[in-house]
Amino acid sequence: MKVSVFRKEHFNAAHRLFNPSWTDEKNQEVFGKCNNPKYHGHNYDLVVEIKGEVDPETGYVIDMGLLSKIIQRCVLDEFDHRNLNEEVVEFKSIIPTAENIAIVIWERLRPEIEKHLELSVTLYETERNFVRFPANG
Amino acid sequence: MKVSVFRKEHFNAAHRLFNPSWTDEKNQEVFGKCNNPKYHGHNYDLVVEIKGEVDPETGYVIDMGLLSKIIQRCVLDEFDHRNLNEEVVEFKSIIPTAENIAIVIWERLRPEIEKHLELSVTLYETERNFVRFPANG
Amino acid sequence: MKVSVFRKEHFNAAHRLFNPSWTDEKNQEVFGKCNNPKYHGHNYDLVVEIKGEVDPETGYVIDMGLLSKIIQRCVLDEFDHRNLNEEVVEFKSIIPTAENIAIVIWERLRPEIEKHLELSVTLYETERNFVRFPANG
Amino acid sequence: MKVSVFRKEHFNAAHRLFNPSWTDEKNQEVFGKCNNPKYHGHNYDLVVEIKGEVDPETGYVIDMGLLSKIIQRCVLDEFDHRNLNEEVVEFKSIIPTAENIAIVIWERLRPEIEKHLELSVTLYETERNFVRFPANG
Amino acid sequence: MKVSVFRKEHFNAAHRLFNPSWTDEKNQEVFGKCNNPKYHGHNYDLVVEIKGEVDPETGYVIDMGLLSKIIQRCVLDEFDHRNLNEEVVEFKSIIPTAENIAIVIWERLRPEIEKHLELSVTLYETERNFVRFPANG
Amino acid sequence: MKVSVFRKEHFNAAHRLFNPSWTDEKNQEVFGKCNNPKYHGHNYDLVVEIKGEVDPETGYVIDMGLLSKIIQRCVLDEFDHRNLNEEVVEFKSIIPTAENIAIVIWERLRPEIEKHLELSVTLYETERNFVRFPANG
């Protein structure tokens, strides 16, 4: 049977929810205060889950130090203390909702994790609003 | 692939565990101090999970503000600062254990959520005792 | 210089805010939903602080196990899974607001703690509403 | 003896640390990644402490609902989902460090709280960096 | 449909990561500071999940008090305030990584839980490193 | 008026409570399971408070990055993933209770912090047992 291992990381970023194909009125109606053109921000908590067999030699599914470095390089170095809309390339064309940020993080991490390991990402935008990709079984 | 989104809400309520078809002795034996006829209470934390596809126009699975309002109307307005046994209609005939409260909340929310979206409810009675309905995969 | 040591405990109770010398209307106006005659409840977190010199033989200000037993006997045994208004003697004549509960707990603990040690009590009614007695400085 | 009561609130905002009287190099050297001209952001947790005597009629130092409304009106309505540097008037001329944000919040709340009550403000910029104004005794 | 119920417990222990079939150099390379021969330690948080049908007579999947006693007897009595490598029999031959500790706890609890109930174990080694066995779906 | 700034750090260590001038029986009687000769361990959370005036040029009481580096060098580099009794020099002659660990950390940090700034240390041994040195007011 497989084990899931989880690593929690953290980044602080500014963002804005805005669909450029809509009028200002429609953006305001749908996104409300999240549409502020001068941005607002969050302390994002990121939990990365890796599912796989335990290596009997190390007792590890994956080395947590290695996983932490991969997250640092692929995500935190480009997201932390940044403006997601203006400084993270994927959000030039995708709205940086929590859902989309989680998917983008998953797509950045997937090629860095060995294929036999399953990957999921949970992203806390606030303590009360969070998302998981992919959703559980 | 689907995304899960989670919204955390909160209510404070009194309750008592008691099966009216049993003797007082049996109630005391099974429910112990939770059987106190004068009630005790909890700060309940409620996490509602909605699973579905991300709408490419909004970047949302569901509008969290809308979800919060549904929870407010269907659950919090009738549970918060109430006596669950005496003031919530379902618990006239069901014991308000955490398991049953979670099921009742799920049944209240299910008709309010679009059919193509999956719903689950996690209820924290205390930090150390919590339940999820339906159970994962 | 002195050290403060803190012990965190927990109890679940029902209560109601109500001043019997007032009309129902005034009670409702002042206490709102906290005035529900059928009660509501909370998970109370209690942090007891003891301030004193460190005993060089033990490295302790006070034995935390002993402190925990004192709190259990003087507070938890009578507050946990109880209705504060109806089952705790002090609240026959005092309204069980967080402020008054903290003062009552302090008065129950003070005679049990050696005189040269200072005592304060922090009570969390919810994560967002809490009180400390006596106030700092 | 006095009681302290605490109310926890929350806001999400963007900010940037920058001293306009310095060169870009000096700003970068002192503020590092917090100096990003495109902003970053935080989930700020705000704990407001009011110290005073308990009113024997209500059992309250202050009505928490009233306190929450004052914080909403004086702070959250202008800080939440905003860019502190560009949209909050005080930060036109003061750098929005956690220290200064706490002082500005205190100055906004002080005139709204009755004079015989003492006020302090604790602001969490992240779980690991927080400030209190005024500092304890 | 089934409900999951969760019980959170806690233990404090010392451990060391070390593979006796490897050289000291290889152990240091793989396990780094976790390989310290004089041990280090953790506050482990343990969440036990039981999945099953709700008993209509009690409203319970399982009596949480009973579950807590089983965890106390099978796990905490032998793990709490102990050196896992030297004092817990399974870790004479298995490296006490979080993954392996979770599997060992699962194996100890499984025979004590009725067969029709499903069991999983989540173990927090720190707030940022945690594991689940078996992995979800 | 002064501001307090707080920085939270973390270390994991093994320890044992033991007074070498006592018999084994007395050690067992006073320290109970904390006296286990094979050690146990904790995830220690450390909160360092610095109290001072805000520098009008930076908006800082102290640069949090600098404070974090001082804590890393003076405390974490020697405490993290270590056996406090055997590997930290002060605990050759002092019992590593939470009280004494907090005092030792304060003594290590005090010479590194500018004289006009006040220093205090809060150490969480577990979520339920914690200490502060020096005690408030």
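Each chain gets a letter, A, B, C, D, E and F, in the order it is written, and its residues are counted from 1.
To be clear about the criterion, contacts are C-beta pairs under 8 Å (C-beta built on N, C-alpha and C of every residue); 3 or more make two chains touch, one makes a residue touch a chain.
Just so it is clear, the structure is predicted and the values come from calculations on it, not from any experiment.
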item: For chain A and chain F, chains touching each; value: D, E
item: Interface composition of copies chain B and chain E: same or different, split at half; value: different
item: Rotation angle superposing chain A onto its copy chain E by C-alpha atoms, nearest 5 degrees; value: 120
item: Pair from E-F, A-E or B-C with over half of its contact pairs in common with A-B; value: A-E
item: Gap in Å, rounded to a whole number, between the CA centres of chain F and chain D; value: 28
item: Centroid spacing, where centroids are CA-atom means, of chain C and chain E in whole angstrom; value: 34
item: Distance between the centres, which are taken as Cα means, of chain E and chain D, whole angstrom; value: 41
item: Residue list for chain C, restricted to those that touch at least two other chains; value: 127, 136-137
item: All chain pairs that touch each other; value: A-B, A-D, A-E, B-C, B-E, C-D, C-F, D-F, E-F
item: In the complex with chain B, residue positions of chain C that touch it; value: 10, 12-15, 33-34, 36, 38-43, 80-83, 86-87, 126-127
item: Residue ranges of chain F touching chain C (in the complex, touch as defined); value: 17, 19, 30, 32, 94-100, 102-103, 127-137
item: Partner chain F, residues of chain C touching it in the complex; value: 1-9, 51, 54, 57-61, 63-65, 118, 136-137
